[in-house]
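Per-chain residue numbering starts at 1, and chain names A, B and C are given in the order in which the chains are listed.
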Amino acid sequence: MRLFWFELKKIFSWKLILLLGIVNFLLFYLLLDSRLEYFPNGRPAKDLYAIEKQLIPLYGAQINEEEYQDIKRLYEERVRVADKIFASDPEAKELGISNYQDFRQIELNQGELADYSSNLKFYEVKDILWELQAWESLIEGYESREESLEGDIAQTTGARQEVFQRLLENETYSFYSDVVTMDFKNYKTNLAIIVWISVAILLSLVYVRDTRAKLVPLQYTSKEGRATYKVKWWAGMTAATVLSVALTLFYMALYWTNGTQTHFGLPLSSFGWFTHWYDMTFLQYIVLSIGMIFFFSLLLSGLSLAISTMAPNTIVLIGVQIPVIFIMIAGVSRYLIHDMINVFRPQVLTPVATGVFLIATVLTVWLVWRREMKRNII
Amino acid sequence: MLTIRNIGKTYGSFTALKEMNVQFENGIYGLLAPNGAGKTTLINMLVTLIRPTSGEILYDGKSIHAMGERYRELIGYLPQHFGYYKHYSPRKYLRYIAALKGMKKSGVEKRIDEVLELVALSDVKDKKMRKFSGGMIQRVGIAQAILADPQILILDEPTAGLDPKERARFRHMLSDLARNRIVLISTHIVSDIESIANEIVMIRDQTLLYKGDIATICQSLQGHIFETTMSFDEFPSFRKDYLTLEEKQEQGRMIVRFYTEQPPKADWSSVVPELEDVFLVKYASESMKG
Amino acid sequence: MRMTWYEMKKALLSPIVLVLILSCIGLNTFQIISQSHAKDEINLVNELIDIYGLTITADSLSQLNQDLDDEAASLGGTDGARDYLTNMTYETYNELSADDRQLVDRLSTLSMYESLGTSLEERYTSVNMDELRKDLYTGLDKNSSFSNYMEQEFSEWEKRYEEIIATNEYKQWFFAGDYRIHSEMYRTLLKNIAVQSVLIVALMTALIANYEVDQRTQQVLYPTKKGRSLMKHKFSASLVLASLTFFILVTAAFGLYFIVYDFSGVWNSVVSSGLNWEYKLPYITWWELTIWQYFLLAVGIEWIVVVIVSILTFTISFYVKNSYFTWIICMALLIGLFLYPALFNAFPFLKFLATLNLTLLLLNPHMYFSGGTTLTMVQYFELWSLLIWAVIAIIVSLTSYQRFLKKDVS
């Protein structure tokens, strides 16, 4: 146990902590900052989000006919606000616009409105126009909820089709947009990349450090002997766990400040655009996602330790880590984290790929471990 | 008692050591061998870094590989190039080594002070080793080897980098330690062995050549080591015929110490063989081969 | 020269470097092949240029139109090519023989070019410069001297746009913008190669520069006759290897690329061609650059960027004597360069200076020499960025070298 602490302290050397600090600072600004600062990003995303924050506490996940009428009334109230603005605007009058309905008509028919609506004078109108557009997209989505599922059913086959069929049979319609869920998917993917890179940086030196310092003969002839290898391994895994948990907690705490908690209790099926193989609440999805990120973080730790054992020097170490990290970013993060249970990926992709990754890692670690127990140290 | 029974080590077709048999009891052994004779292979096997491809090594009748941790707990080892962290102080480093050696935490600090005192590093025990001289580093190495009060102490070139004063202190320390343990020293410096070791172990051609006390082996050359004086001009041809062991210049002439099986000549004076002579004579064929 | 070669061998003999280079070549090959499904259709533009010439004129267009109608007629279309294609349904298409289907495909592609060519003038001249000018002021303090500068740049660019129209420079055939050839070549391929080179080059440079520290041979080498000037050889070895890596990757990738895509007809076309219109705007370049000129320049700029990265890595190695940390710090530096202009959001001029940086140059080869409203699109952006960073790199490396010459080696 004492040796374990020594090894753990060696892993968390102040130089590495400093380097990890710098790397995290940069990667945070590169990958996460904009998702916090500009959330929700753009329009009508911003408007959709505001409306959803208003509606979810009132109506929850599934909207019945009565609630729908309520929502329409809320929308019409806003339309009246827009009407007033148009009515009191002389330029609008010139263009023959006396209310929102007119505006919509003309917008559909004529191009000259482009000039009009982009005119800075009408900035206040613009705001409500975006808002109304958001309302309308929700309402239209509701109106066409069955058709859209039927369309999905027509376009798909097999298990994928069954998912849509089940949604249709159970009348599980998605009323809300994917502004929040999509944002989280992007956020967690980038979070995963940061955590993984940090873990790889932390653990790559575990064994190379002592190989370079020529300390291995002393370690392997001490009472601990080759068990030192295992102690270092466990210290490495512990360090990776500590770092992963700390970073995940930190970045998720930042995510928390986005204020999407209103959406947490709703099932994934209530958010539009993307359908998932399994239904669960958004919060459960968040927990599952973090679990997956953490799981892969541990696998990468195992791999990094194996690489650290086998690499004769730090150049080989980096040279091997480059493709490994590339696979983690281009492959794992995109397919197994971002699109984890997304219905447009094959259902078996995530479990099978994760399983293969797990087996490959365990096998590598086991082989390296076994070799180390027998190896001639010259 | 450490028994090496019939061990050999091959790497593919290359033989590093073969049919080696030797036993060690308490005392200081000097391991003497030219480079490449298999000295390092033997040491690496004794400290479990490599496994013999044939034969076995026993401690008190038990295989050291079967003993595992119980065996390693008994050994203290100083490798020829021993590793340390430059940014550690000796104290911090020894704490780490103590953990590796599984020493009880309660006694560690006291023991560290003791061994650092023994190797005269008390003044610098909290200084980073980055700035240490070669001799100081070597003393840290010795300190870590004796830290856990080992039953078997194996030192590969321990006097490298030590100045004469340090060397004297080291010899003194070893004779103290050797009373109740096995100490095995490998070195090229014959005078070190002469003054410290009770017995020497010689390896030649990948196997044991001789094990015994120094007097006995020196005795074996009795009557074959001579000194003679000659002019510089005579020396080259003399060297062709005899195995010369030492040449000195004195008053414009050469005093030559040499080995021969021939009966003594008139101007030769027989001298008492020393370990250095043994080394040169026993390995003469080897160096001539090379 | 021999010393430099010895130093180069230290990196070349490290199999990991070769493995990495081969992996990158594999990746780029995959990228090219996986995008090449429409290559026959894309290559058709060469035939067009062969027959009707590189410049789009009213005569050649009407000739093309006529020929297409004739071709349609030979396929049985009586009312011209456009009608024939509009009336072509999925079913009738499937009823055709394989040869005829090929002819129809050909006809439809050529007809697309014909309509692009015909509408080119109207489309190209309709770029709303006044609207674009408005974008210029986002985040800019009007009337500041810097906004005057940007304003002036914009006016210059607008003049250039008018010149392109006046001289009909844009009326030259190129692959239709929908194929995104320019983006594929530069934004994807050349940028990927440059990034890959940077990853490998930083690694090799760190390896060569730190080699003696890693191998503990400093004490043997520095007291020799060459002594510490060995670093000069290491330095040139790094630069040669950086160039070699970059050009190996470029040759492998673009060699394949030009086999897949036939550029024989378009080399002398211009990047500012109205057909080279992929997104919101066409590429309105500051100078008239032919495709081959642009290609060579873009490769040249990326090459210099890679070499500068090598110099910077080398400099870092003087201070951080550990290749692991050196490499990570170098990557962090490049990411930092990408981010740090944002620090100066409140100070447009400082932001502009910060924008003249290596990483932005590295990542945007598709925007080289193009004008526009952002800070990176001013005239001579590439030149200034390269100059500033070359000077920075040379100064810091020289000072570090001077320091190294005097420093204690332990």
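In the analysis below, contacts are C-beta pairs under 8 Å (C-beta built on N, C-alpha and C of every residue); 3 or more make two chains touch, one makes a residue touch a chain.
Computed from a prediction, not measured in an experiment: that's the story for all the values here.
Colleague: Quick one: label the inter-chain contact graph as line, ring, star, complete or other.
Modeller: The chain contacts form an open line.
Colleague: Determine, using the mean of C-alpha atoms as each chain's centre, which chain is farthest from chain A.
Modeller: The most distant chain relative to chain A turns out to be B.
Colleague: Could you work out how far the Cα centre of chain B sits from that of chain C, in whole Å?
Modeller: Result: the chain centres lie 65 Å from each other.
Colleague: How many angstrom lie between the centres of chain A and chain C, each centre taken as the mean Cα position?
Modeller: Computed value for the inter-centroid distance: 31 Å.
Colleague: Which chain B residues sit where two or more other chains touch them?
Modeller: Residues of chain B never touch two or more of the other chains.
Colleague: Where on chain B is chain A touching in the complex?
Modeller: Against chain A, the touching part of chain B is residues 44, 47-51, 68-69, 72-73, 75, 77, 79, 81-85, 95-97, 99-102, 105, 144, 148.
Colleague: Can you list the residues on chain A that touch chain B in the complex?
Modeller: That would be residues 2-3, 6, 210, 213-225, 227-228, 374, 376-378 of chain A.
Colleague: Would you mind writing out the residues of chain C in touch with chain A in their complex?
Modeller: Residue list for chain C touching chain A: 14, 16-17, 19-20, 23, 199, 203, 206-207, 214, 322-325, 327-329, 332, 335-336, 338-339, 342.
Colleague: In the complex formed with chain C, which residues of chain A make contact?
Modeller: These residues of chain A touch chain C: 15, 19, 22-23, 26-27, 29-30, 201, 204-205, 208, 212, 313-320, 322-323.
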